[in-house]
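Both of the next two complexes hold chain A, though its partner changes from chain B to chain C.
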Partner chain A sequence: MLTNLQDRITSTQTTVLVSSFILGLGILTLPRAVTDETGTPDGWISVILGGLVAMLAGSLLAKFSQCFPGKTFYQYSQDIAGKWIGNIICLYGVGYFTLLASFEVRAMAEVTDFFLLPATPKEVTMGMLLLASAYLVVGGLNAVARLYEGFLPITVILFFLVLFMGFKEFDVDHLRPVLSKGWLPVLQGVKTTSLSYLGLETMLFLPAFMDKPRDSVKAVVVGIGISMFFYVLTVIIVIGVLTVDDVVTLTFPTIDLARSVELEGVFFERYESFLLAVWILQIFTTLSLCHYFAGLGLRHVFANENWFRPFVYGLLPVIYGLGWVPTTINDMFAVGDLLGYLLLGLIVVIPLLLLIIAKMRGMLHANHS
Partner chain B sequence: MRITPRTLLMLVCMVLLCVCLGGCWDYTDLEERHLQVGEALDLAEQSEEETKSHPMIMVTAQHIVPEAIASQKGGQQQKPYTNFSTTDISVLKAWHKLFERYTQVPIVSHVKVVVVSEDLARKLNLNQLLMDYLRDTQIRYSCLLFIAEGRAKHILEVGEDVPAFELVDMAKNRERIGSILPEMSLQKVSAKMAAKSSFLLQMIGASEGGKKVVGAAVIKGKSNKMIGTLNPGEVTAVNWLTGETRSDMIKGFDDKTGQLVTVETSEIKSRVRAQVQDGRITFLVKVEADGELEEDWLLPGDAFEGDLLQRAGTAVEKSLTQMIRHTLDKLQHQYHADVIGFGKKLQLDHPQVWEKMKDKWDEVFSEAEVKVDVHIQVRDYRTKGRKTK
Partner chain C sequence: MTDGRKSKTSRIRKARPLSPKKLSATEPSASPGAREDETPSGGGANQAFVDPFQRLIEEKGTRTELRTREFYLRGTNIRAVLLFLNELADSKMINEHVLKPLLINFRLSDEADGANMPSNLLDIIKDRFLTVNDVIKVAVSDVSSHIFHGNAALWIEGADEVLVINTKNKKSRKFAEPLTEALVRGPRLGFNESLQDNLAILRQQVANPNLSVITKHVGQRTKKELAIVYFAGIVNEDLLQEVERRIDNMIELDDIPESGYIEQLIEENHMTLFPQLQSTERPDRIVAALLEGRVVILLDGTPFALIAPVTFAMLLQSPEDYYERWIPGSLIRLLRYFAAFLTIFLPSIYIAFVSFHQGLIPTTLAISIAATREGVPFPSIIESFVMEIAIEILREAGLRLPKPVGQTVGLVGGLVIGEAAVQAGIVSPIMVIVVSLTAISSFVIPQYAGGISMRVLRFGAMICAGVLGLFGVIFYFLILSIHLVKLKSFGVPYVSPAAPIYLSDWKDFVLRLPQKMMTRRPKMLFTQDEIRLRSPTKRK
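Showing the complex of A and B:
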């Protein structure tokens, strides 16, 4: 009822949406986060294992959503748990996406201020991104997906360009010895890396918009696979250039990789600008999709189809304000950790609860047919 | 089209917005910007009271003068750079005091070199001293670090061109020289310091005539302080051990006649293996290279026939082995510092042993046995083979 039937996306678009959502702040901090846990150069194995865990979770979520064809998480949680509890669940989702949006936009402002536009006030960079996001989101999911389809190739080309320039300083010895302390440190790293695939929660919503919902498992696995490829390559090259010991001392190791490269005979330096340019695109994709899901949730809670636009604009000051809540950069990283826990609530606790309630009320069978 | 009040309003807005598109409101001449290209850190005179706990540091910043670089071809005598110095106990604060003399905030994203004086490096922990440079978002991680023999400031004062740029070129000029260490960027230094391993930094000396690479400074991993120097011959040995040399000229003396021979070596390969037996660590170093006989003082010398090529090879093998043995002895027994990276080899070959040893690695390294095997195959003698008496 509440999903605009014209707003359909293809399977390819779903894949792009998933991988664009996943790639965000993590690409800059992941080499440090994972090495902090493992303490060995084996972080890349943890990233692969984490990706497999995320693929499994994403597929389960997609399967779960398929039990309620044509309905988003917001709709079927109300169907299952009733209006009041359903509304609470919806608001949890809205809160999660709003907080995630605010985190991404604040992180973007911090990094831009450090490396790209030190003289520009953060208020301006944040405001610009948010306004662009609102403009995109009111166009509906299809518009969002089309834009992301354009962004992905640009990201791939520029990002790989920067990574491969790092090869000049790459030393494979920095990644060896492999598994020197066994599998235990690697498994410890999986805790961190599987949460870096934050974005698989989109599978609670996207199947409802797909023209072929049957493909949703394939779409999420490929989507996570694309981001896994980015992540593994990043961790390998960053550690191969900067070494394990140094990576754990750096705030944004991936940027320092670009800062370590000096090519002679090329007119410009500062390759981190390229990296940051595509990274901001990827932050924007995460931000606007969060913005969209938050607006969708509010529209659903207040059950009025015409209110989507006002809600999207109304969320702007909320996201902006929440973005300013963390005062120091450590507070900001703490919000990132908090989001990891909130994510577990959204993709593990709530779906399990819904499943149990649905089973008890005997709804699952009827819908499955 | 009818002009409604709404379209009129839009038109006015569009015209007004054009004002914002001027673009030049933030404009500054390149000549007026302070483009900083190098910095030198010296130990300053101790005079003020606040220096009891902290030594005073003199910061010298080098800026380029774009007009002078542009007009250099015209034969004008203006120096293409200017240096400014101030002192403070804080590196950043000293640099900041320089702002008082400028007309603009300096741009530091093109700083190519940081030179630290020998006395400062011996006195202070480099990790503390350089924190500002490692942390700064504008200074690039690829900026090079040097130790100055004597005053660091002098290094940035000697030279025809911009001294900071000359330093970069000198540091990278390793095509046929084996006595120059691979250049050390802030990133590499940071990685070494984070790993608490000892390392070498290129050492630069300056005199009236100019500046040159005078060897290397040994930085101890535990303290991150300089503990000694290696002369160019010893750096050559280190480069052979690490396999960092591309080609080099090595001289030696022929066994039979005692005459001098010089061989140009290329295709230099070095392989280090770590062996652990009953808790004793042995490193097996195998160095191999090809050679060309360039200069020999043998009279008569006939390379067409006989064993001259082989004798030349043996001669340089011997002198090279001697250089390597001498350098290893100095590193193991005088400095107790593994700057060659034997620790990494042990970590690769025996990770468990390394885990136990890594905290006291420099001491273990001093005790370890190193077996060196040098093999140089002299293959030809260029265009002239025979020299008659």
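Showing the complex of A and C:
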């Protein structure tokens, strides 16, 4: 009654959803991933450039979604391309989000296994996180958005706490010289970094739920901006503390940063537990939103409003099973690369295709003005 | 009515006519009941006369304290019967304000007598003679519900309706200091069990006609009075309607003995530990809530009023936060949030670190913990469970016992058993510290209902920590957050203003900023009038 009964979200919530979705595995791996590409300490420039690319792409997607007010990607792709092709597009989206969810949950299990619970089977941690996700997702997008809103301040506070502890050993010289090998390595890094902003595809869906869809461009730009800020800071501090040579050898350099920090005389001497706590929450945000979008897609494909809950629960074993497809942690990162290409399909190829079809069928004129 | 009991049976019998002459001669100083017995029976002269109360008396009369008083209006042959419940009705009031005007002062302006009685006699009596504030006309069939609330019913011969006269004389306890919500600084006034008294306090504190009351009767058999109080012009109409709708749709129980029943009957989620209505016995808290745009439910027979909607933040607020200056107020509030966190998570974090992640605590501390745990035969999860349950038992024991004994129990339990358990090597001293710190933290939570929920939640966290270590604690935190986020109290998200974010409401959330800055009512309530504080120049 006091709140909107329909599943509406505010512009602030959209911003939070976008940035929470983006922040995930990247916090831990990005410093290595980008330094691998650049080979110089200039990774942070690549992160900024990648962020700008992502903002551009996100704004375009938001604009694109605005052409179909009140409709999600799933709905308008069926409207434009017809039932059959539309269903195939929907299933592509469902598959993408399911795979992404499985990737996130597997990554979470790997990290937890490595740093927190070496003796506990990964099946347990994965299963529990998935159950929590289902519990949240059946509450609808509004509940999801509110949870993320609540988590963001916690994330910000604890994350900065950990990062700034690293300042004691921070050395600016590790970041120098800037652009020692020119722009080329930096631009190579952009390819990796822009994919670490995986999450702007949410703009295909979220504007349909916004109470003020006009703000969607602003929301996505600010949302990506927040995650960009986190990423840049992480890369700068991790490289500044650990040096380029070390970072490329570490799987999760950010955790090693937290481990390298020791504050004497305080109750805790090591702070990676805080980082891991925050990071599990952030992984969970990505996971549950993927879960939601996958369930939403299935609901559209089968065109039954009441089947959302069964689909959400039904996706659990699928995500869980897909999570076990990669056998080693390197396979897992390969899935991450695959997801990058699938993302390009989702946000570049399909929208362009839809635009062309819509133009040909003359469906855009009514909404353009 | 002092001798009511003695003359009970004789007065219950109906239709004992009195001669008008005799009646006018009697003195008002004598109690009506006594006089009635003295009057000689008039034989069977007026046997045809049947008053409408007869059936009621016949049904219930012998088993209740129902009394009738028959008389003639002064100077007429018009017969009148007064029906009331002996224990509840105020006999002084009946004598002074009902019988006296009718027996001594009654006078019809024209020459009406028993033969040509004016048709609006009831209205004349009501409007000109009864010196009672609250008199209503009701149908004869509705009389019994009024009588059993302590009202008196007056029937005049020939009338088809009955006057119900307010002669309630409710017994209530004196106002006392609220026991469950103690303050260092603030009003010492707490509600008592009488709805009338409690409403009177509210009226006295809010001298504004916009303070509105909707009264209802709940409890199928006891018909307790319930009041929905709100501030018109501030309250969100949707909220008010929702509260009213839920109370109307409540299951009809025989009795609603306490407002806790209402709370359980109108809350939206039964599967949660968190209270979705706030109960309080502090009028100042109620007034503050009313002015924020909340709706208050008062029930006759209990000092605990309900406030709806409630948010998580309210569980950790005390009126004192506002009475003290804002800096100590804010700091104490922060302390409470910290204490709430400790209450739920301290034992579980201890378990997680000691059993799973010894590497994450400083080496020297780890060694000293290990040294104290030497010889303890249980894993820390069992150890902490034993201790936590023991302390819950102690707390419950201390609560139900008479006060002096309760303190002894606390002393014996806390000191002796704790010390002995450590000496015996069953638990480690650090565990005792953790458990007692947790228990003390839980006392910091100002709302009893909130404190209980957090105490229970602690056990879930301990199980998760015992099974999955720190991941379990994080998982539990996650589940708890999801639960709280999905929870709503009358449509208001439970953890607002944190989620959804209402930044302007953060002025009164974890911090309590200066009064000057709190210019608006809580945004989450969507009040009609948002502005709370107007600058002095604008007031004129």
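The rule is simple: the second predicted complex is superposed on the first by the 363 of 369 C-alpha atoms of A that agree within 3 Å, B and C clash if a C-alpha of one lies under 4 Å from a C-alpha of the other, contacts with A are read in each partner's own complex, and residues count from 1 in each chain.
Note that a residue touches a chain if its C-beta (ideal position, glycine included) is under 8 Å from a C-beta of that chain, and two chains touch if they have at least 3 such contacts.
Predicted model, so just to flag it, every value in this text is computed and none were measured.
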item: Partner chain in contact with A:R176 - chain B first, chain C second, else both or neither; value: first
item: First (chain B), second (chain C), both or neither touched by A:S260; value: first
item: Partner chain(s) touched by A:V94 [first = chain B, second = chain C, both, neither]; value: neither
item: Which of chain B and chain C A:D246 touches, first, second, both or neither; value: first
item: Which superposed partner A:L195 touches (first chain B, second chain C, both, neither); value: neither
item: Partner touching more residues of chain A, whether chain B or chain C; value: C
item: Chain B versus chain C as contact partner of A:G139, first or second or both or neither; value: second
item: Touching partner for A:L117 - first (chain B), second (chain C), both, neither; value: second
item: Chain B and chain C footprints on chain A, overlapping residues; value: 269-270
item: Chain C-facing residues of chain A, complex; value: 1-3, 10, 12-13, 112, 116-117, 120, 124-125, 128-129, 132, 135-136, 139, 143, 145-151, 153, 267-270, 272-273, 276-277, 280-281, 284
item: Interface residues, chain B side, partner chain A - complex; value: 109-110, 137-138, 140-142, 185, 187, 190-191, 194-196, 344, 347-348, 351-352, 355
item: Of all residues in chain C, those that touch chain A in their complex; value: 236, 238-239, 242, 309, 356-357, 359-363, 365, 468-471, 474-475, 477-479, 481-483, 485-486, 488, 490-493, 495, 498-501, 524-526
item: Chain B contact footprint on chain A (complex, rising order); value: 114-115, 118, 169, 173, 176-177, 180-181, 241-243, 245-246, 248-249, 256, 259-262, 269-270
